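This is the structure, below, for whatever I ask next.
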Amino acid sequence: MVSSMPWLSFLVFFPLAAAALLALMPRGAERSAKLWATLAAAIEFAVSLPLWWRIVPGAPGFQFEEKVAWIPSIGATYHLGVDGVSGLLALLTTFMSLIAIIGAWTSVEKRSREFYALLLALEAGMLGTFFCVDLLLFYVFWEAMLIPMYLLIGVWGGQRRIYAAVKFFLYTMAGSVLMLVAILSLWQVQKQFSGVPSFDLAAFYAMPMHPSQQLWYFLAFAFAFAIKVPMFPLHTWLPDAHVEAPTAGSVILAAVLLKMGTYGFLRFAMPMFPNALLVCGPWIAWIAIAGIIYGALVAMVQPDLKKLVAYSSVSHMGFCMLGLMALNAQGFAGSMLTMLNHGVSTGALFLLVGVIYERRHTRAIADFGGLWKVVPVFSVVFLVVTLSSIGLPGTNGFVGEFLVLLGAFKTSFAWAAVAASGVILSACYMLWMYQRVVFGPVTHEENNRLGDLTLRERLVFAPLLVLIFWMGVAPQPFLDRMQPALDRTLELTKQRAVMSATAAGLELPSAPGRLSIPPAPIATEVRP
Amino acid sequence: MLALFFGFAALLVVCSLLVVLHKNPITSALFLVLAFSALAGIYLLLHAEFLGMVQIVVYAGAIMVLFLFVIMYMNLQHDVETGVQTAVRRGIGWLTGAVLLLVGTTLLRRGWFLGPANEQMPAMEHGNVAAIGKVLYSRYLFPFEITSILLLVAMVGVIVIARGRAKHPEEGA
Amino acid sequence: MSLVPQPYFLAVDWWTLGALIALTVGVLVLLLLEFMPPRPNGNRGALVSLATLAAAGYAVWRVRFDKRALFEGMFVHDGLTVFFTLLFCAIGAVAVLISWNYAKRTRIGQPEYYALLLSSVMGMIIMAASNDLITIFLGLELMSLALYVMVAFRRNLLESNEAALKYFLLGAFASAFLLYGIALLYGGTGSTNLQRIGDFLGDSPIASNPLVLAGSLLVLTGFLFKVAAVPFHMWTPDAYQGAPTRVTGFMSAGAKAAGFAALIRILMRALPTLSHDWQPALILIAMLTMTVGNVTALLQNNLKRMLAYSSIAHAGYILVAVVAGGSGGYAAAVFYLATYSFMNLGAFAVLTLMGRGGDEPVMVSDLAGMGFRKPLVALALTLFMLSLGGIPPTAGFMGKIFVFGAAVKAGLFPLVIVGVLNSVVSVYYYLRITVALYMREPEGEPVALSLNAPAVLAIVITVAATLWFGMQSQGLWLEAQRSVLGLL
Amino acid sequence: MIPTVAMIPLNWLIALSAIVFTIGVVGVLVRRNALIIFMSVELMLNAANLAFVSFASHLNSLDGQIFVFFVMTVAAAEVAIGLAIIVQLFRLRETVFVDEIHLLKG
Amino acid sequence: MLWIIPALPLAAVALNLLLGDRLGKRGTSVLACGAVLAAFGFAVRAVLHLASLPEPARHITEFVWTWMQVGDFSVDVSFLLDPLSAVMVLVVTGVGSLIHIYATGYMSHDQSFRRFFLYLNLFMFSMLTLVLASNYLLMFVGWEGVGLCSYLLIGFWYHKPSAADAGKKAFIVNRIGDFGFMLGAFILIAATGSLDFDRVFAAAPHVFSGPAGVAAVTLATLLMFLGATGKSAQIPLFVWLPDAMEGPTPVSALIHAATMVTAGVYMLARSHVLFELAPATMEVVAVIGAATALMAATIGLAQNDIKRVLAYSTVSQLGYMFMACGVGAFGAGIFHVMTHAFFKALLFMGAGSVIHAMGDEQDMRKMGGLASKLPWTHGTMLIATIAITGVPFFAGFFSKDEILHAAYASGHTGIWLAGIVGAGLTAFYMTRLYVLTFRGPSRLSHDAEHHLHESPPSMIAPLVVLAVLSIVGGYVGMPFQEGGHLLERWLRPVLESGEAGVVHHEVSRATEWALIFTSVGVALFGIFMALRSYLWNPSMATTLRARLEGVHRLLENKYWVDEFYHVTVVRPFVGVSEWLWRVWDVQVVDGLVNGVGYTLEGGSAILKLFQTGFVGTYALFITLGVIALFLHFLR
């Protein structure tokens, strides 16, 4: 691939084109629809793979940039770019989309053309959101993405699908419209500052803002992203959406859509409004911690598998947010890694739930028990994924959580101390759930006839398991790719905080409290 | 002159009130004719002779005849307006009217002043018909043409709405 | 620009008047068609109308860069005029297309219907192009009278008749207010010419002449009635619901745009100095309009009625831009009107396809299951709903961007926040339609869909416009800006 | 030169027109007969006309009078269409009382 | 080639998974045992190599790959072999091998034979990672890994709800400890910038100086000790270990006696540099150790399940080890880890042999007189019992004596006293166990009697090996040697650096002898009492029990600790969670969200009322609007 080729645009629009073609397929082509969709997703994934090695981690700014004037009179551009952070998330997107599509082969029989078309369209929207570095374009993708997800939940969902779909749509939108106001206002400020109207992220990065001014903008952005994350107490759309969504929808929702929120914080809210961040950060961190514990506690008593996983997402995403609020290298890297981990593990969990739901048409934990005997392979996969979700060392979950907690600890002992209790709680709810589903005697006669994972399902889970272990045992390739970008973001945040404060003639507000232990003076004195 | 004005004004107000108050639509319509006539008188006093004439011809002559025609076509009797609902409506209506008048006059009593008077106005000794005619076909040619379309539309509209019963079974099913 | 009478008519002046001339000729030709022997399968009325509208559009397009003031400045040919003339021609053309089948099928009043439609378009153009309260008033009445008749067109239908009666009585009532306002303005400024009023008020040291205040207030009332702003909106749902669907579509787009066009011209030309006085009131009205429109729409089950309330809410959004003022605000309003016209017309175009008689009350539940029975039509309707809800990548979204952007620039944050929250509320009922389309199974016999080429063409046009202006709004935005910047 | 019409003070004229206008408004509000309502609207229009003429005479300008002329034309057209609608209403429902017409509501 | 030691069992796991059922029982046995034996072989080789090095150079680190490197923080996957880990790795692989071999016999009839060895090998991998890790984080991998395997193996018979419950309990309780471990590690990172043992210990004396530093290191070590209490079943987190006996007996022997549970002790010994910097923590460790030793021993008195007695015995012995660490005698602790591994593994395996023979009967009240029926088992068990009771010249004697001596010598007389009492109690309940199982009249049911058989050679052979070790294992720690005994000298390079921090009270030779006699005397008294009440005069036990009814109930019910935790921790947690979900989440938070919707719909319904359909109403509103506008301009 030549770099002058619009590679990122291809990545964004190829799924969309595939979706359109799929939707236009003649009726009765439902059977082959899944094959074509899989093919499209596979091509997309293959084409996106170079994101892994072609992004130069250390290179400054965004890479593979494409910039075309879009609405020149207001300075909106079609501007795509990628760096280590968005590249990894985009890879996660293409990967999980492929997985979700293959995973849905047998579960969607009705209107499968439309189903796969929407999945692909969703993929396009998500990639666009990750790639764009223009605020207006970002908002366009951000909102447009809601539509396919809404339809996926609403058309192929469960009993209360309509309620869940509408709630998902409205809740997310309610959050983001305030962000829209902020974007518009910011654009105004930027225009006055530089004289040139622009929605380009770089323009906003370059603009100092009065700290007192930042607060409202930050809150507007944070509100939008916090709903998407979702942060307690803005999370209630999530259990409904997850429970009602079809498996593939849940997978994508958990694996990628929630990352939009944290990604938004990382890319937009934090570096753009650093001074407000310093003020609000501790509060957000505490809310994130509350979410960690709250999500875990509520997950513990869920009778429905999907709901349990949904609440566990609240808990995990709390870790992501906590890591971001730590404002240090470890916290950032941990948060980013937790995003990827959560994408893989929770995606796998939803797939697993989908597997048994497909066979039994129930998700109630009480309807299962003793599955190990009946479906050992499923149980083993389930176990590994459960452990990954718990954050067992050696699996991916651990590295992320550890780094998040370490980062949090470096900022505040109390954060880490309280948040780490989430580690205990996650073991409680996941293992209890696992025990009730897999251990014990077979309590329901129907369960004796369950079939174990088919070859296709094994193929779906195999790469997920590989990732779980890979990212747990040797996460360094991932860390290497994300770190320079994260460091730049952190640096940018700090720079902008100083820049804005000095521009306003203020003293820089002190960072959140630190532990009183003197920092490490020793690096040289190592025993032979 | 002033006395005449007061006479016309009183007639206008009383007739207007009776239009609103009277139960019989025909009587109301007749009072309206009277009110329009009083208004025409005022126009004359204001040296708007042309308008005074047109007022009589168009309003009292054409429009009100149309009204009366319709009322008679419908053979309307006295409006029966009793009951709490009517009373409430009346109360609210009059109250609202009073308040409207009150707020309007309150605003205007703050000391309004007229816009700039026209200095080049030709002297009007024996009516302004000629002047109006001149202006109407020069300066006001455009609106004048619009009114022609307007009247055409009115004609077409009335025909469309009021012509005989439906010819086509599908219509107005 | 000069208000001095032109010594003679230039060729360009004929072109500038071309739209009105073409429409007049069109109306006359249509009325003459009545005397020609009817052709069973022909639809001469529609064809003539389309040709007329095309000619009108062409005439204006030809001289789109010229600026002329005719008839002592009563008729101006400037950016706003060109923009709105073309918009009205487009609205008229789409309206003709969606009326095609119905008018042909019923075979009655065909030419009259189109004649009225063209007259109405003419009234709208006059409203947008007038620089004098007299002609604005006449244009408004021309448009309204034609619309009253069009609403009443299915005269034997109780709803249609009732809608016409309400629309008519209240319209006349509001016209009286408007007229009284014009009288007061005339008294306060000595002129009905917008330019002169503006100049006089600009020069006048005393800002708040009660006559002018009261006059502008009543004039405002008149236009707010036409554009259906709260509390002058109450006729809208009834009139929209009762009117034939195609007429509803036409008037929801055209009348609103015309009302705003005139309002914008008045506010920019005649009353800019009063902005301080009317801005707080308009802010409140805009908030109320958005909120009442959207909230009331939540529980509507009749699609037309729901869209009527939605159109009220949209009037609120446009008012936001108008309140914001400045070239940006007015341009945003103009932009929004254009996009709104297409998406709303599109939505009504889809509705005209539904039901056997074409005008049966279409309930939200009638849409059930249509999403998979008629995927393309449903997709179009979904697109229009999303656009009305302001979801990217549709024209409605860009409209909201410009509107709220202008308001943000003016510092009207409370208004903007109410506005965006309202757009969330609105999405609820727009989503209800998609819910019905895709997520519900039809109960009983599904409502038939009578596809016909012209209506489909109308839908295709509106879909294209909705998408194109959503994704490539630069052109339209520049035009909108130019239209208000080059105001004569 | 201001002609003699100034003898009738503008205040009174405006007051008169305001009163008539208000009576018209009240008529619209209190009556239920569509015809009477319509007549009341005509009253309002005439009140506006009066205001126009008054201002015109005091401004020494013809514009107001011309305006009134156009208003009358409009009123005539309006009456024609309005009465047509009311007649059709009566044909369909045998009533002209607006409070008996509320199929469309909510 | 250190990495190969943990890698071998892991490879076995992988092969086991890949080959699946094609492996067969024999193949599984060969693979699993072979891997562990090979690991043992490599371990021996490595240790021999280590021993061949001069004393200061006995510190081999092996970098494998960078695990994570973020900002200024970096952790490698790298292994460390020094005398301390050498002891542990030998014990783990050695005892592990024996238990693997034993398990091939014990589990031979189990359906899930393959799965069992899969877990067991996985455990070996984790445990070896734990002991060979060269930094805290990798150690934590092993630490959690053994916890996982423990969970899996306890719940091995998953269809038994009690087993599944016990597994979950073990994991969660361990997690509480891990929480402490992790936080402790954070403090270390914050203070020293690393988790590498070398760097942490090198930096510790400099960083943790001054009051703030001492406070920090105290907090860090306390948190790490919390981790140790979880893993090593100390107060307050000991509750999982007795329940862990739901697992197969080889598991109990391997994990819950010989290896995993001693990880806490290993960790403390490994971190002795830090602990010695925090005297307060040391006191806590000592007190907790002593208290646990005593408490578990008392509970052991009243249990009837053979494995539970052994479980409490394990808890108690672990208490001794912590006691040793607490008083600064880390070497003694490790020594006891080693001897305890021998005799406790032997005891468990013997008990397993008995259970096996009895057809899965674990209640001692239904045993008795098995000595003749199960000669090999009986013989080896007897040796182990003697070893644990502290009879001189058996392994347990040396290590336990060293601990008590250290406690006394360091001035912790109270701790010493507790240890002595505990020793007596240990002697009593172990003898009781022995007597009830092997002596006296047979209380077997007819079926059991019929079924009774001595275990196969694959089970007996490891017993014999361990019996030998239980006897000779203590001789590496013969007291009264100049310059410390063998083990002490071996461990010195690791443990000496910090010894300076702990004041050693020299005691005279006479006192030392006195201490030895005291402990031996107490042990013998305990044995005597047990023999008297259970063998020679069985009615005495009944009388005693009747007389001490309350105490017995208390002990039999394990001080109601489980119930206490259930009421104070588990129930409130579940209750709060239920409330959070059903009331707070669904009704309050989501209620607010839906409330917005309902409010809007209500507003819609109200607004609809205004739309009456009457022209008059509409006109009225228009007029009111005009009035309102007038009022606005009237302001």
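Note that the chains take the letters A, B, C, D and E in the order they are written out, and that residue 1 is the start of every chain.
The criterion applied here is as follows: contacts are C-beta pairs under 8 Å (C-beta built on N, C-alpha and C of every residue); 3 or more make two chains touch, one makes a residue touch a chain.
Computed from a predicted structure; not experimentally measured.
Trainee: If you apply the touch rule, which chains end up adjacent to both subunit C and subunit D?
Mentor: Shared contacts of subunit C and subunit D: B, E.
Trainee: Please identify the chain lying most centrally, where each chain is represented by the average of its Cα atoms.
Mentor: A
Trainee: Averaged over CA atoms, how far is the centre of subunit B from the centre of subunit D? Could you give it in whole Å?
Mentor: Each chain reduced to its C-alpha mean, subunit B and subunit D end up 4 Å apart.
Trainee: Using mean CA coordinates as chain centres, what's the subunit A-subunit D distance in Å?
Mentor: Distance between chain centres: 65 Å.
Trainee: For subunit B and subunit C, let me know how many angstrom lie between their CA-based centres, rounded off.
Mentor: 29
Trainee: I'd like the Å distance between the centres of subunit A and subunit B, where a centre is the mean of that chain's Cα atoms.
Mentor: Chain centres of subunit A and subunit B, defined by C-alpha means, are spaced 69 Å apart.
Trainee: Check each residue of subunit C and list the ones that touch at least two other chains.
Mentor: In subunit C, the residues touching two or more other chains are 134, 138, 141, 145, 148-149, 152, 155-156, 164-166, 169, 173, 177, 186-187, 190-191, 213-214, 237-238, 428.
Trainee: Which positions in subunit D touch two or more other chains at once?
Mentor: Where subunit D meets two or more other chains at a single residue, that happens at 14, 24-25, 28-30, 32, 34, 37-38, 49, 54-56, 58-59, 61, 66, 70, 74, 77-78, 81, 85-86, 88, 98-99, 101-106.
Trainee: Considering subunit B alone, which of its residues make contact with at least two other chains?
Mentor: 89, 92-93, 96-97, 100, 104, 107-108, 114-118, 140, 143, 147, 150, 153-154, 157, 161
Trainee: According to the definition of touch, which chains form touching pairs?
Mentor: Chain-chain contacts present: A-C, A-E, B-C, B-D, B-E, C-D, C-E, D-E.
Trainee: Using the touch definition up top, name the residues of subunit E that touch subunit C in the complex.
Mentor: 597, 600-601, 603-605, 607-608, 610-611, 613, 615, 617-619, 621-622, 624-626, 628-630, 632-633
Trainee: Touching residues of subunit E toward subunit D in the complex: what are they?
Mentor: Residue positions touching the partner: 608, 611-616, 619-620, 623.
Trainee: Give the list of subunit C residues in touch with subunit E in this complex.
Mentor: Touch list, subunit C to subunit E: 165-166, 169-170, 173-174, 177, 213-214, 217-218, 220-221, 224-225, 230-232, 234-235, 237-238, 277, 280-281, 284, 292, 295-299, 425, 428.
Trainee: Subunit E touches which residues of subunit B in the complex?
Mentor: Those residues of subunit B that touch subunit E are 89, 92-93, 96-97, 99-100, 103-104, 106-107.
Trainee: Of all residues in subunit D, which touch subunit C in the complex?
Mentor: By the definition above, subunit D touches subunit C via 14, 17, 21, 24, 28, 34, 37-38, 41, 44-45, 47-49, 51-52, 54-56, 58-59, 61, 63-64, 66-67, 70-71, 74, 77-78, 81-82, 85-86, 88-89, 92-93, 98, 101-106.
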